[in-house]
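Across the two complexes that follow, chain A remains constant while its partner is chain B and subsequently chain C.
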Partner chain A sequence: MPSQDPIPALLSPNVSGHPYSSLTLITSTLGATTNWLLLRFVCAATKDKRHGAGHDILSNQVSSHKQRVVLVSWLRDGVWWRESGRKLGLDFQNVHLVDGLSCGLGLGAGGIADVEKAIIEAMKSKETLSDEGKVILVLDGLDFLLAATGYEVLGVLDMVGELREHVYSTVIATAADLPLSQSPTTPLEISHTAFVMSLAHQARSIMSVRGLDTGVAKDISGVLRVSKGGGESAGEGDVEESECLYYVGSDGGVKVFERGA
Partner chain B sequence: MSFRKRNVGLAGPSSASASPKEAPVTPANSPGVRPSPIDGRPTTSTGTPTLDDLLAGHAGLALGNSLLIEENGTTDFAGALLRYYAAEGVVQGHRVHVVGVGEQWGRELPGLVGVGGAAGKEGEAGAAGDKEKMKIAWRYERLGEFGAGAAGSRGGIALLLPCFLMYIRNILSFEAIATPTPNRNPIPSSPGQSDLMVPAPFCHSFDLTKRLSLPASGAITFTTIHPTVDNLFTSILQSTTQAIASSLPNTIHRLIIPTLLSPALFPPSASHPRHLLPFLHSIRALLRQHPTRLSAMLTLPLSLYPRSTGLVCWIEHLCDGVLELAPFPHSIDPEPPLTTSSGSSKAEEKPQGMLKIHRLPVLTEKGGGSGGGDDLAFSLTRRKFVIKPFSLPPVEGDQEAQKGEAEGGKVGKGDIEF
Partner chain C sequence: MSPLTLQHRRAHNLLLMQKLLSTRDASSPFTLVLDSVEQTAGPLARAWVRGAKASKTDVVFVAYESLKAPGDVSGFVKARGRDAEAVRGEIARVVVGSRRTLLILDSLYPLIMNPHPSLPLSSFLSSLTSPTTSLLAIYHTDVPLPSPSSTTTYAPTPLTLLRYLATTVLTTHSFSQTLARKRAAEKSRSGPLFGREEGKEGVLVGMGANDSRGCVIEMEYRRKSGRGIEEWFFLPELHRDDRIVLLDDHELYRRSDANEGTLEADGLGAESATFELELTEKQRRDREGVVLPYFDAQKGEGGGGGRILYDMGVEDDFDEEDEI
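Then we have the complex of A and B:
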């Protein structure tokens, strides 16, 4: 949808302008995935610089507003991200995709160290292009790794902490279905709950996506709730708690609107 | 500029090598595959027409996607769906890979209804041409709703195949349908084109009481599970990967895993997340790696692994489509006493359970809701598995009450002022 702005107006304050070293936690449920939201994050990050540098393509290259995105996805393949991104007019020059699905990143013998290595490599791979570029790290499905491997929660959280030191801001998408954290009894549920909880405490804002509580509607895909995380510093205070509805069209275009609108 | 590029590509020597490469993608070369009316991605039939219709408007299971059918209770409706899916694959000449169960399972696949039907229709093709075109136009209109533009812009062939009916060669505009011979086919003629004239249904109909005669050559491969092996899933994965790699590039594969984690087939260690989740993750990767050649269907007994557990939640997250079957307790009775007075045809379509959609292939990945607001019910008869909107039948022998209700409803409507 090139004619329409890919980022709806209601959404734009939430997907861009995140302060330095902030963490945004995005949670999804089975029927309401967050891929569309992550794509908007990537879009916002790579398009910020265009607003800063005007329409001159050449000046973009030296703009200090340049943002790069490292997108690591364990549940979606690179082809899918590229295809969906292209529909939004996303420029993948500044996006480094780490396809954790095809290569089974972190599932091999190397364990969690492999993951960290791969992500840091990805961050550095394009560093020469922009010296003081901001890197935004997007991790999609890190909780899958936790569930499938039985790594220590603290180990994964340590890795997240270390990665956050390398980047400007971080976005982590996890699942937050009721069975995973309602009454954690199995090791899988316990570690998932611990993981998401501690991320929520670290996060500046939490964006949770879920299906409509009242059933299925044709023109509504789900509910998006933005809430303050535990890691919001007192001085900022600019995360506005809100809840709105969204609709993802078959062409990938998104409408975000207030309830009753 | 784009025009120039295209011309060069067509005229250049590279075109010869390029066209066979793309060949597997075009539906013409692969039986049982047709482009989705929504976005043109190749889809294949699940063997159950009403299930095909449910899958987010793609009118089939998009290749490169998996479908998880969960079932409550001790019935095996999901198994019936799985058998249709397998039988459809066998009939279409797809390679079917079945995990866990023995060859006996393969011998119990439902047989085709009216085996000679396809051949008979072929003969009719010329004679009943006009009549057929009416049907084509009618079907085409339905397609137009979904976006004929998308199909047309691909410039490819859209096979519009209602079950039992014929295929058509699609045409770029509606007028073209009216032309006597659809000779505006944009696909360059190839040896395969003569095959196009043979009507090949997208979805066959099967009879559960009949048995499908399997072709001699290994259309179905069975992967047995060795309970002693440390990680039993790696062997399944390896054999499937090898089978795909060693087959011709236009072979379509179907992976079937009946009753995942059932203790009758799988050892206890299989349900450990550290074994199961990486396996499902690899299947997902394999599906994405072969977006035009592989599809998968799994079933999961919910009575053993309830949806309220984290493990099942992750299984669902790793599959593209998730449907849940909740059979009614009474439907196990072959002849429910309640329906004796009503017509036999009605009794046959009595719903036997509810079907819930938790996730749909392609659509949910995009972010769309799980679609379909109606409550859905399914019924399985000898001939077919039908999914349709659920509505409570009127209570037998309570006609007075019904009458009163109807009148009351009328009055009520008039009374209400907005």
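Then we have the complex of A and C:
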């Protein structure tokens, strides 16, 4: 059942209208991926601000210009993103896709500095096309670098901080499975937890996707919890904390609804 | 808690906290703030900056993870990705020696993870403080540190060291979660768990985290004599006019225990019931007239121990196993 609007009404205040220099942390588990959510973020950023009117002062800051997105993914290749984006009617003209999976971004000898350079270059290349609008940086699977290369957590966090200074707002998706975020024991688990929790402290809002607590259901894919992060500061417009259920259809359409609805 | 001691706490502890917030008289040279994602130290830092401004103290914000300072500060030192020595040089440049200054470190994690070889954390922090400079450092309790290596196995953990060095330790708690815990404790239930303690896969932050009404602060202040003062406060969000109050004085916190009591006493529950809970005068008299079995047992033949007094009724069968 393809929905007319790719962004469900319950989701729209959370995927658009982020204030300047904000960070949104999206966490997934093995049983519940965040691809659908990231696609909605990209969608919301590239589409005109239709939800702007009801969204008070924030929409003024965001302006009605189309925003440009730099999407860096380490877990899914460019073909997959284009294919899934097309289903949502996503216009890739304003999206710069850095395919970290195919080119092995960050796995070379240059280390973490390479990653930073590549992403900044990607941001610059878009700026020349049109100097209006703002850049939104979406990093998918950044935690992969921690696991694959053994970079210091601090190095990756510093890079994130550096990149955040170059863009309007940032969205980062990482895994937060039980061993990777709660009571870690091995060095990898500890550094992953430190990474995720440090980002949570910087984030304005945290969107956690997880499987249904009671098991698998036919018409529910999982639970989405939106909470306020540590980076929320007074006067930026509050993040409404909420928890709702979602269902991702086979055609890529998403329904988001309250419990019991 | 007797009213007298509450009065005493209002007079002394609240005053102490206000003194700390305004960084007057170098009351606490090194304040350690322990926060978590459930309640970040952000509101506290903002209140601190405002208090320092009000008492004409310079504020220098040392940003390891923040992009911008909390409020209006006189100096901003970008410390991300730089080593301790360089940061110290930069701070020394910004701080004006003769003026009273408050230094705020927004995260101690980078300092702990990347210490200067010749400048351990404790000496770095103590080199920052001076008679005119006090320090407010934030430590995220939920960011785990790597397990100690073979050389540091017997050394105290950084958190232990920091707690030892600090002259004031402030721990932040979420207001709505504190209320929920108190309500549970009043009913002798085990407290609810939030965030990562929930034990649910994929949950990082609990519901009610970073309450927009304000945050709860647990203070541990060490006097020069060594005596510690502990107190809980409620710090309202800045845009509200309320001042900081004792947590016990907060309307919602106080009410939660009275609430349950009054609900039954006021007959609020009885009104909504469809049947009569009260006794009539006759029922009360009859009830007073009933002689309960233990009154019988106390008559005369005391010291008989645990005899069972039982009169068989007509409908009872004699059971051979009963030995009366």
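To be clear about the criterion, the second predicted complex is superposed on the first by the 240 of 261 C-alpha atoms of A that agree within 3 Å, B and C clash if a C-alpha of one lies under 4 Å from a C-alpha of the other, contacts with A are read in each partner's own complex, and residues count from 1 in each chain.
Simple rule for what comes next: contacts are C-beta pairs under 8 Å (C-beta built on N, C-alpha and C of every residue); 3 or more make two chains touch, one makes a residue touch a chain.
Keep in mind that what you see is a predicted model, and the values were worked out from it rather than measured.
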Under the superposition described at the top, does placing chain B and chain C together on chain A give a clash or a fit? fit
For A:Val248, using the defined touch cut-off, is the partner it touches chain B, chain C, both, or neither? Pick first, second, both or neither. first
Just to be sure I read the superposition right, which of the two partners does A:Arg225 touch: chain B = first, chain C = second, or both, or neither? second
Who does A:Ala194 touch here: chain B (first), chain C (second), both, or neither? second
Report for A:Ala32: first if it touches chain B alone, second if chain C alone, otherwise both or neither. both
In the overlay, answer first, second, both or neither for which of chain B and chain C A:Ala147 touches. first
For the superposed arrangement, I'd like the angle with vertex at the C-alpha centre of chain A and ends at chain B and chain C, nearest 10 degrees. 110
Examine A:Glu165 and indicate which partner it touches, taking first as chain B and second as chain C; both and neither are also allowed. second
Between chain B and chain C, whom does A:Asp238 touch in the aligned arrangement: first, second, both, or neither? second
Once the structures are superposed on A, label A:Asp177 by its partner contacts, choosing first (chain B), second (chain C), both or neither. both
Applying the document's definition of touch, where does A:Gly211 land relative to chain B and chain C: first, second, both, or neither? both
Taking the superposition as given, tell me the minimum C-alpha spacing from chain B to chain C, whole angstrom. 11
Would you mind listing the overlap between the chain B footprint and the chain C footprint on chain A? 31-32, 177-178, 182, 184, 211
Chain B contacts chain A in the complex at 38-39, 57, 273-274, 277-278, 281-282, 284-285, 288-289, 291, 307-314, 316-318, 322, 358-359, 363-373
Residues of chain C that touch chain A when the two form their complex: 35, 37, 40, 42-43, 46, 65-68, 70, 80-81, 107, 109-110, 113-114, 140, 142-147, 196, 199-210, 212, 237-239
Per the contact definition, I'd like the list of chain A residues that touch chain B in the complex. 30-37, 74-77, 79-80, 84, 101-102, 104, 107, 144, 147-150, 175, 177-180, 182, 184, 186, 188-189, 192, 211-212, 215-218, 220-222, 246, 248-250, 252, 254
The answer for chain A against chain C in the complex is residues 21, 27-29, 31-32, 152-154, 157-158, 161-162, 164-165, 176-178, 181-182, 184, 187, 190-191, 193-194, 196-198, 200-202, 206, 208-211, 213, 225, 227-235, 238, 241, 243
